[in-house]
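Labels run A, B, C and D following the written order; every chain starts at residue 1.
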Amino acid sequence: MSTQPTTAADDIRSFDGLRAMYINCTLKLSPQSSHTQLLMDRSAAIMRTNGVEVDTIRAADHRIAPGVYPDMTEHGAEADDWPELFERVIAADILILGTPIWLGDKSSVCTRVIERLYAHGGDLNDHGQSRYYGRAGGCLITGNEDGIKHCAMSILYSLQHLGYTIPPQADAGWIGEAGPGPSYGDDGTVGLDNDFTNRNTTFMTWNLMHAARLLRDSGGFPAHGNQRPQWDAGARFDYPAPEHR
Amino acid sequence: MSTQPTTAADDIRSFDGLRAMYINCTLKLSPQSSHTQLLMDRSAAIMRTNGVEVDTIRAADHRIAPGVYPDMTEHGAEADDWPELFERVIAADILILGTPIWLGDKSSVCTRVIERLYAHGGDLNDHGQSRYYGRAGGCLITGNEDGIKHCAMSILYSLQHLGYTIPPQADAGWIGEAGPGPSYGDDGTVGLDNDFTNRNTTFMTWNLMHAARLLRDSGGFPAHGNQRPQWDAGARFDYPAPEHR
Amino acid sequence: MSTQPTTAADDIRSFDGLRAMYINCTLKLSPQSSHTQLLMDRSAAIMRTNGVEVDTIRAADHRIAPGVYPDMTEHGAEADDWPELFERVIAADILILGTPIWLGDKSSVCTRVIERLYAHGGDLNDHGQSRYYGRAGGCLITGNEDGIKHCAMSILYSLQHLGYTIPPQADAGWIGEAGPGPSYGDDGTVGLDNDFTNRNTTFMTWNLMHAARLLRDSGGFPAHGNQRPQWDAGARFDYPAPEHR
Amino acid sequence: MSTQPTTAADDIRSFDGLRAMYINCTLKLSPQSSHTQLLMDRSAAIMRTNGVEVDTIRAADHRIAPGVYPDMTEHGAEADDWPELFERVIAADILILGTPIWLGDKSSVCTRVIERLYAHGGDLNDHGQSRYYGRAGGCLITGNEDGIKHCAMSILYSLQHLGYTIPPQADAGWIGEAGPGPSYGDDGTVGLDNDFTNRNTTFMTWNLMHAARLLRDSGGFPAHGNQRPQWDAGARFDYPAPEHR
């Protein structure tokens, strides 16, 4: 629990029992150090302090086959680690994708992970909702010069489209001034004291925990008007028929 | 309330007392007909049927001055309708931006509205959170050929960055096959029976209502770890200090 | 002409007779100072030194009506300065759009200008090509924290789609470190010595001049395989008929 | 040469001696059929008919390691086919990236290819320009519902930023109406007769050939104001020093 002074208005619930998955989409293989990991670790520290169980994947260390099916070995791939990674992703209430920026865009590893999440877009939960419902998603981004918001637009769009809830201010990151330059954490100092990055990372982390807590306490995202089997069976949930003219 | 058959698992709460604001960002002045409005009307019908009070703005009919301040008449603009429009926006629990697509992008009117929403990005509520907290946001997009997802990425990003919660599947829209062609609702038929558009619009609408209900019943978005005055006063909410090396 | 030392390989042609149009899409009305203008002025200085005639528009000072027709007064707008602005745009061999960044995106004024350029997308030149053919386009972007590349993606895409040629490295700009902070030129110093910004702006400027010179000397962009009237009349320019199976 | 009727104004040059590289960034391994390949083949047919030598890579069939260095085996990768693929890329005057669309974005394979192209962003030619100068770039995109323009924005941005010239209308593609549905070429018919797709693909192909011809005949992109070694040595090419205030 937090040890800093807070006001009476503060709404600190227990986050025990929640799980969070951080997927680092750096292009670097372990054990090379990843700037993005440094920022993800600071976010994860908040979660751990507050009782959230944290799992982490460095995607580039795994063989994640290209494709949009749950198991690509059934479609010609020699190997595919995604099926077991997906079990860890779907076990989590919170998903945070972390990515570096190259040419203003998220990494190919991040795009790969999103494609494989999309492979399960048709999976349903017991209510007939997308299986990703009832979970909260966010992103953390580092680069040396430009593109936090552009990467976040793409990542957060994909997560909400798949069924994640995006809480307020769910994107954070660090970049330096225009042009090549040092990266987050270089020399043990670069960016580490950036107030904007630190505040946004903190707010994002808490908002993901709050949203996951709310969703868990509600028994998932409310189930009415968003269930595919019912829609396919003809339910229209008050959506008006077109007035053909 | 819904008259379609639903299962016992269905979670139909009362939405009485909630308000929704639909801002149509078409480039057309009234009374010209707007394709985007047709789709927005179908979404709004669901809300009205379920007790949500609906307000609608066609932004192009108003003089919304360029700039990033709350009232641009204080910065040289001859006129500015935004201050009174903002009062209606902030009175709503739900905000839906509707836009046409031009060259694959949202309209200039939509961009203008987002800039003016951003002008209030520093406004705080009683808890010290962004004033937009505790609200749910989504978007509806129509075009004749391409760009729903790209427009949605940008709009939803902005809304969450400002403090709105984005529920699952909060984007919907209609486009036709590649190339110029008829627009939504042309001839009283085009796109109106598109199952994908209808389902996504329905799911989006319900998910916005559900999220707004959850947030209202929780007394807003939980307040801890996301309050600017406390951050500025030195609270760090368990965010670890950097390990300078 | 350049007074710096150059190598024998240098290819300095005469740029006499070329015209360039800089459109500043700042949200600020004159005479407020625009950070983006400072950078545009430095680019324009190179052009003027080398014989290019430079014209400049600050779009926000003009009443540019929303819409996608050449003259919106024919579609209900009270006033529309675009028709006369367009004559100046189309008189130029080079078009540079300058924009500030808000929430990671180009300004609403920039989007408006692009919409109105698009209104002439069907205009043809004497060869039956898009009227924008034979011209070169680029962009200059300033913000205080993030988004040069994202804005450039959108602007350059639109320009090439309309018929402009995009020479190498046609985007340049300045942003500061993540988070709010000073803007380009603040205090008479911020960003002005950024080597990356200065180099990219210089390269962009020269590449636009070179491309415009090449196109003018070629009598415009070569005319074969890209003429709409011929396509509509049935010419297929060696495009193979589908092999229906 | 073209056998269709053309006007006297037509500008048909010889394209003998030019080379084009098509990189198909489908997620599918050979020999699975790729919808994107069908469209690329039609473009390539025009080139071959006119004397351009065409090379094709299906990127997913190769082991292209993640990273931003020319040879990732020097940075921990077990294998890396990129160094030999790059030799084929740089041997071509024209580069066309083809990609499917997933969640509105280009494929992870396409992002990977761009990252590896970027690895050579610092390579210089004999004039001190980026090694990609003097080449023309474009893209071809297929999906079943949405995103041609968004993918094109990203791809064309990257190509021009690296040094490629983007000729007019260098993006083309096919998508169907909003929602899941058939893909390009399904049943041997879908999309194959789409006039917009066919026209844009044709215009793009010719414009790439024209631009490559112009650049080759000019001895590459003109060399002045765009050479890094000279900039680094202090040449400023008429870029004005800042007026510090």
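Of note:
Everything that follows uses one rule, which is that contacts are C-beta pairs under 8 Å (C-beta built on N, C-alpha and C of every residue); 3 or more make two chains touch, one makes a residue touch a chain.
Source: prediction; values computed, not measured.
In terms of the stated touch criterion, the partners common to chain A and chain B are C, D, listed by label.
Among the remaining chains, the Cα-based centre furthest from that of chain A is the centre of C.
Centroids of chain B and chain D (each the mean of its C-alpha atoms) stand 37 Å apart. Separating the CA-averaged centres of chain B and chain C is a span of 31 Å. Under the contact definition stated at the top, the residues of chain D that touch 2 or more other chains are 103-104, 149, 153-154, 157, 161.
Residues 2-7, 9-13, 42, 45-46, 49-50, 126-127, 129-130, 132-133, 149, 152-154, 156-157, 160-171, 188-189, 192-193, 198-199, 201-203, 205-207, 209-211, 213-214, 218-219, 221-228, 230-231, 234-240, 242-245 of chain D touch chain C in their complex.
The touching residues of chain C, counted against chain A in their complex, run 103-104, 145-150, 153, 173-180, 191, 194-197. Partner chain C is touched in their complex by these residues of chain B: 27-29, 32, 60, 66-68, 75-77, 102-109, 111-112, 114-115, 118, 154, 157-158, 161.
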